[in-house]
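So, here's a batch of structures to check.
What follows is subunit A paired twice: with subunit B in the first complex and subunit C in the second.
On to the complex of A and B.
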């Protein structure tokens, strides 16, 4: 009886902590954007705003998988390696067979569709390896995914001999990544990103799968006891994350029409940063894809205003580090204030 | 009560348990021996085995040990931290930053000891920062140290002047030649000072682990932090201290690296954290803490050095990443088979 008013209060008057943090970060974003408009010349131009929203599409696609995993309390550091591997694989499968004496110009000569499917399969198998070690053998995710990152990137390096493959590709290879929406300069990749974010939002909020993800993050033991197959769920999430990284890899390879083994170095950290900026809590059970999207825009405002102020690119690491700390602390402070 | 019954049921195959313990105690030495003997026997036609002479010639052993100084300096402290159930992914960047700062000071006319002192102090500060973030602000260790990884790397990149890839001597202001004295010039048995310093660090850490309160508390905290705190251990203080020790060792490793290469490369420590993790896992330290040995991690570190330098002579450079990744996966599997099963029971 006595708990009734409290429950009513919770349901009726207060929004969830998650929406609160998302709104909080949107507020931070607006403040940052305002400050950048004042300080950086030409920052307010519409074209620049569009760029801010669209330039980070690859990190956002990768960030979806990383966010889901973070919500369950697991890391995926292998995404950067998977992007490189998938890109290189798709190029290798697509290159004409026996066309040149240069080994780097010879591939398997498969049709584009088959090449992409096989490359994505390769990406998903990396995810499956992750899942096997993490979900079945219960090895900490950070150790396993650091290892598979090296395996994936290393395989890409072996296929490209430490460099890149970019010759004897069919014309169709470069189409998807460079296609733009008619009449605008927005790439199809951005459209794919928007579709994936929307799908992820539905998956997260409206399906049993999404609710289970949150429950596993909040308390894996309770989740297991209430009948959720935690290992199987994590397996799907890791495969999903690798698949998203694979899609990114294929789009990037198509955009540059090359499979570069050093592509996407450090993307795993960027994906982590935008999730954290968006309010995903690493202790699990908390966070959202929409928040991650806001975090990505915050990061892109930061980096592009740093570029606009003519800071050397060396500032990027320091900037990202400091911003992430501030974000973590600010979110915690805001949540504590709200509670107390 | 049912859990105790399960436990006794699981204990049934006693002999295999004893065998496992036996294997666990000695496998790492066998692995090292195996790798060394394979590399000293394998000979590929025109490939000159490891610099001058063979894998086991004095020259190449000295080369190997000199190159192994940074990881030997680091992995002991890293082990203690992992025993207590925490992790520091920023060691590589901390090492790079120390190398850059040390090289910068030497280039700008400081003599060895002041430069060393400042670098070590900076190592302490870096460790303190990590400890503060993890223990005081309670940010998850992986996240906190991943962020400091980028922070330290960023600062190191900022110190290096635009247009240069590292702090190094130029025609107008050459790097003093004595910078090599510490980690390259042989003083005893052909090995440099840095090597003996690393040995000293290792010995101290072995004693710390086996004979001091810090070592016991690290095991207790790693085994069960709540229980350790309830029995009066100030976990925050001790883990913080461990982070500081790791930072200090990272700085020392950075000095050795800078002296060895006679330049301060802001990326020279990249990947050191994975090397340390491999060494520690090979050494049989449990993933989740509570069990482990400094001495065995050092053997693990030597194994990595043997594998990487040995492979460098046999296969092209672009195979290195795959090779190291495979070693890490093998280390995880070995560790799972030998350590995990018993801890979890």
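On to the complex of A and C.
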């Protein structure tokens, strides 16, 4: 077939596959939202729309780290465990010392700021363990992070005796997680999520650090031979991912004024699902934080329309699974068609 | 006896690739129960011919007769069923299984999907026992040496009653004792009614093991004769290289600059005590056949593999770490373009500046404009055929991909550029373009190391040529004076 110059010119201006997938998934989102508005009563109300964008804030924050790592071709399955661990640690560090005969009510009695800092340090040390095994010893990331997932949650269980700690906490502990922006019902946590997504977008698209993330995912061997310090880069990313999970853990612990060892069970899978929904490639080198955000909202639309339809929670999980499957199939199909 | 005298007859065989005729009207016979050697330089057409025999490639035209009957294999499995087995350089054994399981792999007898022990298994095992008694059938293959793994494969071919076993460089990874044992087995195969087609760059082996030899050059059949009628290595080499006309090499004007790279007593698992100097502006070639240690040398200098010995660059010792070697001013165009050089799913713009992001960024932030500008400059300078800077590198042709990798290294502003097989798998036009780029950057005063298994390539552009054989630096030749290509081939094929 002959291509005329006009077509060639257009070909040169074609958008990247990444923008294509993000736009495609925004299309899917709008279609799902439209359908939900028709079927589900009151779905179109502004308050509901705001909820859709905001009620998944904790998954989106950990999704940032998971997305960056997926782009390098690595998994982080430890984020759920890290959320639980950090929450429990922050509570334990903050609880008054020797105030009760109940051991679960006794903590270390540290000042709030110190407690938070130490808890985050605990989170980052899980990230450092991940990085050591994955980047230095070259153990497959899925194995390592499944291990640290259990290690982190296990430590949280030990500290809480398999339950939770929620007494003898200073009032300041519950402030940040329950604060809202004046005059609205939007939580500060959501604001933090938006700020982090914006920062991640800048980091990913505009910086050398972001570029290296893609290069490593696209071809780790070529990256190494091009002088990129692959191990060091992965180390930073795992620590970053654990830090984000730690921030989430502290916000959630503050919101409920409790450190619960079973908190965030399965969040690592939700974070993975929204990344994949957003077009991040499991083989690395492809995807974006913005796509992940769109994926999160799709998941949110699905969950809340299921609730709106009064579907029993038993069915919600199945529905989630089916939609995830269909969305990813549609994505692959669209991408393959585009190549031809 | 219903058996024909020739086990294999090849008639007017042709194989065309898009830009080149790799096998050109080749006809010859292979006699039954002999060891038939196939020799020729890289690119002579040996591999293509073998791939047609094993069903990995399909011929363009011509006939092949096996046992007097028309032979056509659509894939390696079919070739095996019809009686042609191959011992590839990359051995085809499953490390996690036992010897016995490997031997019977793909021909297990089963009842309702469960394995059944049959006579067939004990027969195969007995064949192996007679070849090499020291291998135990219940042993895990992963515990065997390369040499013994080969024997397992040979046993499998013999037991499946192959007429022909093709061996492609079987001694490349063997020690001398192992080679002797392999040769004993090969000689014994004649009595088992097996013909061996033996391919090797090591000419001494050919004289030791072969009954007949077929020489190929530039896709053509040059001659087939009994080895008893070949006088010596020199005669064989003459047939292999013919009267190759090389493009005119123009010696460098003026003396070379100071020494920039000094390598002393470099050894790795593959290299033995290599020392040499490289001057400023010099183009240095390392010529050797496959497995001579060229890539290992390039990777050691580049800090990609551990080594013993010392490497000095501009008076400073080079650290054994790639990122610091690059910072010191070296760059490598690696051998495997797709797996080691190119970020194929990313755009051309993302590929070009990789090795020197400082030039297109400020305080860690990338300037998209500067990046595009730099990429465009290289697209123009190297004439990279791409519709835009935003095209995925995977969508470019091989030659253009190589130019992208080259741009990446040039963008690093390295003072010493290493190129490992810089023109492998790219067409003639792109080849000569790459040569002229190499000359250009050498004229700018940069030093260049070229690692190549193509003799015309090194003779064309290199000022100094080092000959490698089996990890040793055998000889160093100044280009420009009368180059004796026969002698070069003599040395790199193991001659003293």
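Following the convention adopted for this analysis, the second predicted complex is superposed on the first by the 328 of 340 C-alpha atoms of A that agree within 3 Å, B and C clash if a C-alpha of one lies under 4 Å from a C-alpha of the other, contacts with A are read in each partner's own complex, and residues count from 1 in each chain.
Here is the rule we use: contacts are C-beta pairs under 8 Å (C-beta built on N, C-alpha and C of every residue); 3 or more make two chains touch, one makes a residue touch a chain.
Note that this is a predicted model, so its numbers are computed, not measured.
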Q.
Which partner chains sit in contact with A:16 here, subunit B, subunit C, both or neither? Use first/second/both/neither.
A. second
Q) For A:276, is the partner it touches subunit B (first), subunit C (second), both, or none of the two (neither)? A) first
Q: Would you check which partner chain A:321 touches, where first means subunit B only, second means subunit C only, and both and neither mean what they say?
A: first
Q: Tell me which partner A:257 touches in the superposition: subunit B (first), subunit C (second), both or neither.
A: neither
Q | subunit C versus subunit B, contacts on subunit A by residue | A | B
Q) After superposition on the shared chain, which partner residues are touched by A:221: those of subunit B (first), subunit C (second), both, or neither? A) second
Q) Inside the complex, what are the residues of subunit A that reach subunit C? A) 8, 11-14, 16-17, 206-209, 211, 214-215, 218-219, 221-229, 285-286
(Q) Per the contact definition, I'd like the list of subunit B residues that touch subunit A in the complex. (A) 87, 89, 133, 137, 139-140, 142-143, 146-148, 150-151, 153-155, 157-158, 160, 162, 273-274, 277, 281, 287-288, 316-326, 328-329, 332, 336, 340, 344
Q.
Help me check something: in the complex, which residues belonging to subunit C touch subunit A?
A. 302, 304, 322-323, 325-327, 332, 334, 339-347, 350, 354-355, 357, 361, 364-366, 387-388, 390-392, 408, 412
Q. Once bound in the complex, which stretches of subunit A touch subunit B?
A. 75, 133, 137-140, 142-144, 146-151, 153-155, 157-158, 160-162, 261, 269, 272, 276, 282-283, 312, 314-322, 324-325, 328-329, 332
